[in-house]
Amino acid sequence: MHEVITGEQIDAAEFTLRMGELVPLTKQLGIITTDFQDDGRATAYLGYDEKFVRPGGSISGPAIMALADVAMMAGITGKLGWTPMAMTSNLSTTFLSPPKLEGLIAETTALRFGRRLAFFSVTICSESDPATPVAHVTGTYAIPQAR
Amino acid sequence: MHEVITGEQIDAAEFTLRMGELVPLTKQLGIITTDFQDDGRATAYLGYDEKFVRPGGSISGPAIMALADVAMMAGITGKLGWTPMAMTSNLSTTFLSPPKLEGLIAETTALRFGRRLAFFSVTICSESDPATPVAHVTGTYAIPQAR
Amino acid sequence: MHEVITGEQIDAAEFTLRMGELVPLTKQLGIITTDFQDDGRATAYLGYDEKFVRPGGSISGPAIMALADVAMMAGITGKLGWTPMAMTSNLSTTFLSPPKLEGLIAETTALRFGRRLAFFSVTICSESDPATPVAHVTGTYAIPQAR
Amino acid sequence: MHEVITGEQIDAAEFTLRMGELVPLTKQLGIITTDFQDDGRATAYLGYDEKFVRPGGSISGPAIMALADVAMMAGITGKLGWTPMAMTSNLSTTFLSPPKLEGLIAETTALRFGRRLAFFSVTICSESDPATPVAHVTGTYAIPQAR
């Protein structure tokens, strides 16, 4: 039968390092995972950098989407251990209001953690204003199967 | 009354340069826009680079989403001229099959180009296999309004 | 200048009646709105009916999507008063696990309530199991503008 | 090993009948499937009925989403034969422009037909104006597996 692979137990700092090797873009962006729990919740942080800024004061969409992707991979790691072969199957982002020119925090929750698929909701806020989401993301991930 | 701003007419090479300044991440990724039309169609290219590769041979999701975002911004520029203040309001990506380890081509079509909102569908394929999409993206963009 | 229309203040029972006239399908399905708040939160209920059941014990997707749509219209009414001209611009549903053969409850929260657009997240659960969402919906609505 | 079930070969008229039994709501709405092909393309039709109309001349969203769902189930049937246990896992609808007060036609294409998942894009137009989509839908369906 198929069984869910249970990966190596690592902490958020180790996850940040490994994620930076797995997807070097996340390291270039400076995305740091600060916490994850065994129920799929996780928190990731994108420090402010002038190179993310767009005219009008917004932070570029691709950086925000990468942040959400890392947060959801962290949620998977919290639940299953390090699972580099988990693959995004859908990622949908709604940009709600222009971010402030400061760091962004992504908080993710697993709404469903099945054997094959995990589904997450992510809220992204400017670090000084956690009550006003700047973006909302949902993501579905395929969980690799043991043979 | 509100009127749609009509931006400066530029070509795809100039668009690539300006987009690289507007969103430096797209320049770091090496995204090149090769063509856009006045009906909102556009084509953009992401060259192959080992740093985009993930275990299992997939190309990282954030790079693919950034490629789609550029293609849709190119479609807006084809229709309206250079419009740096156009903002993504929704971007939804479905990853369909693992990309080959080669360049990716994004082809976008405007399904609706309204006064305030433009809606695009983007198909992304490996460059040697244009019949097998590796990802499909839909995007909604807010068009800036003249006062 | 544009101003948000503030509609007539009504309660949940009156909203259920009016929504049944506005979208008769919701009346045929028997969708009842039980509560809404002035911050955009709302709760709606779809009673169990054999005609919604599919083989395998699932409840049909269109009934679930209609339920979410009503819940979000209720959230708009809680915030702005009766606003029949609010229009769905995007509704995205992820089906998470098969519903039980019983009533469904939709709980919605407004993540962003702007002048022109409102964005909601909706969680749908079987009535006896509020901890296990059967579906998650996000919706964007265009708010009508006074002239 | 898992194998894709190949269902009974039926035509569009028979599919319309069976779909009306499987999801009675689709029969109440009067949704008719007019064609499907073995590559996953399909066409479905929603006749005009005053009860679908909303103030402002729009046709209600739930009816449009149900139409898209039927069209995608028809595409699955074209490819695999009658497959009543196929289940929607995601359905995302963007409403593009108000439909005319007439019948609606949904045309669907399979962008990916894998062993476990099928992904469709659907364009919905008023019957007299096939060049102006009123809605665009993407859908992911889980294909049942033989044991």
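All chains are identified by letter, namely A, B, C and D, in their written order; residue positions are counted from 1 within each chain.
Everything below uses one rule, namely that a residue touches a chain if its C-beta (ideal position, glycine included) is under 8 Å from a C-beta of that chain, and two chains touch if they have at least 3 such contacts.
Computed from a predicted model, the values in this text were never measured in an experiment.
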| item | value |
| --- | --- |
| Per Cα centroids, the chain farthest from chain A | D |
| Chain pair showing more contacts of the two, A-D and B-D | B-D |
| Intercentroid distance (Cα basis), chain D paired with chain A, Å | 33 |
| Distance from the mean Cα position of chain D to that of chain B, given in whole angstrom | 28 |
| Residue list for chain D, restricted to those that touch at least two other chains | 89-90, 92, 94, 140 |
| Chain C residues within the chain B interface of the complex | 89-90, 92, 117, 140 |
| Chain A partner contacts - residues on chain C that touch it in the complex | 90, 92, 94, 96-97, 111-112, 114, 119, 121, 123, 133, 136, 138, 140 |
| Sites on chain A touched by chain B in the complex | 22-26, 28-29, 51-52, 54-56, 58, 60-63, 65-66, 69, 84-85, 87-95, 98 |
